[in-house]
Amino acid sequence: MRNNNRNYNDLRTITITTDYVKHPEGSVLIEFGDTKVICNASIEDRVPPFMRGKGKGWITAEYAMLPRATEQRNIRESSKGKVGGRTMEIQRLIGRALRSVVDLDQIGERTVWVDCDVIQADGGTRTASITGAFVAVVLAFDKLKKANTIKKMPVTDFLAAISVGISPDGTELLDLDYGEDSNAHVDMNIVMTGEGEFVEVQGTGEEATFTSDQLQKMLGLASGGLKKINGIQKEVLGDAAGNIGETKTKEDTR
Amino acid sequence: MRNNNRNYNDLRTITITTDYVKHPEGSVLIEFGDTKVICNASIEDRVPPFMRGKGKGWITAEYAMLPRATEQRNIRESSKGKVGGRTMEIQRLIGRALRSVVDLDQIGERTVWVDCDVIQADGGTRTASITGAFVAVVLAFDKLKKANTIKKMPVTDFLAAISVGISPDGTELLDLDYGEDSNAHVDMNIVMTGEGEFVEVQGTGEEATFTSDQLQKMLGLASGGLKKINGIQKEVLGDAAGNIGETKTKEDTR
Amino acid sequence: MRNNNRNYNDLRTITITTDYVKHPEGSVLIEFGDTKVICNASIEDRVPPFMRGKGKGWITAEYAMLPRATEQRNIRESSKGKVGGRTMEIQRLIGRALRSVVDLDQIGERTVWVDCDVIQADGGTRTASITGAFVAVVLAFDKLKKANTIKKMPVTDFLAAISVGISPDGTELLDLDYGEDSNAHVDMNIVMTGEGEFVEVQGTGEEATFTSDQLQKMLGLASGGLKKINGIQKEVLGDAAGNIGETKTKEDTR
Amino acid sequence: MRNNNRNYNDLRTITITTDYVKHPEGSVLIEFGDTKVICNASIEDRVPPFMRGKGKGWITAEYAMLPRATEQRNIRESSKGKVGGRTMEIQRLIGRALRSVVDLDQIGERTVWVDCDVIQADGGTRTASITGAFVAVVLAFDKLKKANTIKKMPVTDFLAAISVGISPDGTELLDLDYGEDSNAHVDMNIVMTGEGEFVEVQGTGEEATFTSDQLQKMLGLASGGLKKINGIQKEVLGDAAGNIGETKTKEDTR
Amino acid sequence: MRNNNRNYNDLRTITITTDYVKHPEGSVLIEFGDTKVICNASIEDRVPPFMRGKGKGWITAEYAMLPRATEQRNIRESSKGKVGGRTMEIQRLIGRALRSVVDLDQIGERTVWVDCDVIQADGGTRTASITGAFVAVVLAFDKLKKANTIKKMPVTDFLAAISVGISPDGTELLDLDYGEDSNAHVDMNIVMTGEGEFVEVQGTGEEATFTSDQLQKMLGLASGGLKKINGIQKEVLGDAAGNIGETKTKEDTR
Amino acid sequence: MRNNNRNYNDLRTITITTDYVKHPEGSVLIEFGDTKVICNASIEDRVPPFMRGKGKGWITAEYAMLPRATEQRNIRESSKGKVGGRTMEIQRLIGRALRSVVDLDQIGERTVWVDCDVIQADGGTRTASITGAFVAVVLAFDKLKKANTIKKMPVTDFLAAISVGISPDGTELLDLDYGEDSNAHVDMNIVMTGEGEFVEVQGTGEEATFTSDQLQKMLGLASGGLKKINGIQKEVLGDAAGNIGETKTKEDTR
């Protein structure tokens, strides 16, 4: 049996507190069990140089952990003077995932800065970050819409992420905590839309390998968990949730 | 009248939540009004190179703000690749202040890492950091003492900090919020022990100057406020507070 | 029709030149069409600090592009003073993939440094890098084995990587060149063993999404292509290929 | 008795050599006993980005030591690739202090760069820097005024700095040399105007504490010393000194 | 006798392969024996800030080695986060040398980026780089001329470089390989035009000294070798070589 | 006629002040006309990692300019966070030159750190640095010898450096000041021993070229100037000069 009597296909308790910090346009504290991440969305009225003059917006993300979010204290990346590879991977993933469900043409030349700061880590910080960041971004756009700065909610669909893996005894597990993740032979992160389409599938044999069959089982577990998470997101978003999808599909801007 | 009907000599509401994050040896969330700082104290079983072989310990502090702790989003120092001058000043101040009330000979060759992370800023983040860090450090030592790792609480006295300043109309004010601080002609931070002795006095005419008389009034305001803060610290520390001072005075180790 | 009359499930011409540079223990030039990567494997007789004293080895990879490997000249990362996020992701991927088919216990306290330097880029540089690096690593171990430095070839299975994607018209494609990759709605990189097990599955909706059915089709295409690539690797490795798998399975060293 | 038969309230011999280096608009070598600092003031005809378009100027300072200004050679900050916390604190202090006695509205969109380079250190380098930089800045403005680039001397009052401290035997001391500073229980730096108003008061219990009474005694000692230093500054400035204060008070530009 | 039966005044086999990489405007692989360098010339339609608005162009060079170009693997400069002194010296030398035979007024506000990447090193990498870069630059200008972007070949003369040195037994040697270079008492690099004028003379007693007579002998050896290298350059350049010198002499633009 | 009525073969006035800064083992201020450089030699009782365990010493040099040593203020390299190419070239040159006349076997496992800090620049800062650094190093070794830390003066010969060049009108000039250097078509730096042997010959056509005949004339001018400089060095060194050469020749330690 897993911690807290979880079954192989059970999520941890997920809590999303909105308006957690007062300054950002959108702010949530998201908790996946003992994993706690502050997700802030800030709107800036300009875009980075490579996007200028295109009449459309941009979404970018940054991710960090407090030094003592973990069992052992980590050296602060500002003290090291550089951002590590793991951090870069995660923040690129968060930004890419959010951009897949936002119609950037609708938001004008604005940048949405998403900051995911892990204050306590117990596995799944990147999936909690994406899931919480989605809510923060919708809240920020909702504020812009209420202020008539934008006309429509530019978010085309729900978005959430979850981890799945394979335990040493060969069982596929949903939403691994830190202890499970450390022991897992395979670690996979899935990002999906409310419609059930994939945005990202990242499966890694941690110095091991996995079969096609195992892959299918993990995808199925993830899919089930993500439906439940979409429900939680919808609930905390309240009225703002109703506008998701009013921009039906992203224009293909390539 | 000040915000929230504060008088010139009133503190903001101060709240200290202990055991805020689960991993650190000592952890608090401290709030001075809308200023919120997570203060974590971590014990490491070794000292930095310049302290090795002396049989005594070390305390060092790091300070950071979440990018959107403030009204305008700040660029992350890890992204800039370097720690700014303001941050350095503050973290040097926090470390120095804490070392003034800890007998480093009592803790063996251990380092106390104090991390002060501002999640929401509304003025006085450095004084809130020192005040909260003191509580986190006492909690961490209390844990060491209960585990018999150290024999006595090595903290010799209470320690807290507060800001004072002079408003544009010439009034001395206690515990400035962000709006007051931005307008103040003089900005002063005072760190004091429970016995009422000074640890740090840092007064800055913000491109202005101040008289000896104004200095005295500010010192008086600070002194009164700090007594009250010591009371709050004592209350949240409970039993652990009783051991403060059992190491009567620091040996002079110079 | 694709460039060079390729069908949707055709690989580009793949060429592997062994002993390309004279100093490294293993060195190949690998070409996937116009993509050309020098893969060098260097053996160092020590391991990084976090691996010391465990009696086992380590494999790590670095990846870079010549500034003018691409249509537009890129700024050199040494001139920028830091390694970018894309580079970090790729070099972490290469190292992780190689470690999945090498029994690190067999090689003693040695580090294999794998350097993948792209001299000309036309899509698929990371998959060419993994595929070529595998050959360079086998060559390096073969040299160690012939010198009796190690007793058995520590490589447990073949390893190769390929990209698949979905074109704007909805067709799944194998081994995308740069033009195809720039237009693709979905981009996926698959790393697989000779036994057909997955090592990495990284699928990204490039600001788009994909269905479960599309995922299956892409996995199938990749699987077919990788079998052919394993054949090419086997041929260029000659005798050394015969020893792959003599260390049957990696011990679980977690 | 102190070195050189100094009494507790004696300054060291202070010498200011004007026009020390030929290129800068203002240049002095200042000596406080064996502490020697070159202070150069350079005028640049533009302001930093955050000041543009306001029609006023800016003053900023940089501080450094030659590697062998001290008993032990220090690693050059350019070799380390970053400026340390102590350096940052000092250069922020110098700039802030100078801005308190210059009416930035009078100088147009110009930046005064103040460079304080310590060529020999024996305690009190930051106070010597401020004291010397003040003279260099007045000389630079005098040159601008003589060239009719500015109409009035924009310096509103004299400015100087001195250190005070408490020796291990409890005596308050003025202008500590390196040996005294290393042993002092309390270290305080005072910056004051010619009118006797405070600009900065920075007192630090060096892992010790001090009473209100000790603070008063130190402030008194500093005040006496600074009057004498103002006299020396006035003498070396000659005619230029006469124009200080013709801009009576700074406008409040906040 | 030297390796490969070379006499003291023999060059190694020199091979220049043009159009080595497909993207750059000019690209060659140059080989001096086992030393192999890819030299790419890229044309950018703007100049660096310090050259803007002058109506003339700029040439700059970057130099790097693959980590395993050498017997021992070198740490990548991008991983170190900074470019070393030796690299800087070489890239400054290459750029300066090329600028001496190009009339920058003829090329408009364009920058020629020259990238010299050593893929295998066996002594003389900087002289091979200059010699190959010259060919790449002529090829790039030839392409601009054929496209009527520039009217005349702006290259005023041939340019090549070679190393000379003094062996431990006192013999002057031409074109040292790595083994010879490591043992040489004196190391000298000569850059010369087709007309036989010096562009750079850099002689270094490697912790040794040399006489005027030895200097003359080395200059003579270099001069003879460089004539032969000019012949090889002329041959590989084919028709493009005929236009060198049509801009007879550089205008003096100082 | 040149400034100060100098003939083409005249040196500027050269002044060497010994014991300029009190802490270093050897310290001089050297002036070549208006060029002023502080040269400090510091002895450290250990060698860098690559020299450990060989029983011999090392000499290394660092070079910097005060920001306003020049007509226009330069950005401090510590603020930029990196040392520029020109600085690296110069400090490598200084170190290499000094090592050519010091028998590193005589000094034990010690490092001589040579710091050359230009406080005022008017051309020839690198040659003044080498010339002054030589004196500082001899003074430092003299102190070690007097303290019986080393037995013999390990300096085998005198060492000095001078610049020569060709003016726009074709005249070869000795010891160029800044104005001359800016206009010169060719710039050459010569480092020579007291015996008249070359240590370094660095001639650069500044985007121009020079003939063999011009090279000979410049070498002749340099040789004459350097003899005079050796005389000045000998005079200021006094008794210490007498020991130069008591270690007759360097052992060949390669």
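We just call them A, B, C, D, E and F in the order they show up, numbering each chain from 1.
By our rule, contacts are C-beta pairs under 8 Å (C-beta built on N, C-alpha and C of every residue); 3 or more make two chains touch, one makes a residue touch a chain.
Predicted, not measured: the structure shown is a model, and the values here were computed from it.
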item: Shortest contact path, subunit A to subunit C, counted in steps; value: 1
item: Relative to subunit C, chain with the most remote C-alpha centre; value: D
item: Relative to subunit F, chain with the most remote C-alpha centre; value: A
item: Interface sides of subunit B and subunit D: same vs different residues, half threshold; value: same
item: Counterpart interface for A-C, drawn from B-D, C-E or D-F and sharing over half of its contact pairs; value: B-D
item: Distance between chain centroids, defined by C-alpha means - subunit B, subunit F (Å); value: 51
item: Centre distance in Å when subunit A and subunit B are each reduced to the mean of their C-alpha atoms; value: 34
item: Chain centre separation (subunit E, subunit F; CA means) in Å; value: 29
item: Shared interface positions of subunit B, touching two or more other chains; value: 81-82
item: Order around the closed ring of chains, commencing at subunit C, then subunit E; value: C, E, F, D, B, A
item: Of subunit A, residues touching subunit B in the complex; value: 21-24, 27, 34, 38, 40, 42, 44, 62, 64, 66-71, 73, 76-83, 87, 113, 115, 117, 119-120
item: Residues on subunit B engaged by subunit D in the complex (per definition of touch); value: 82, 84-86, 88-89, 91-92, 96, 99-100, 168, 183, 188, 193, 195-212, 215, 219, 250, 252, 254
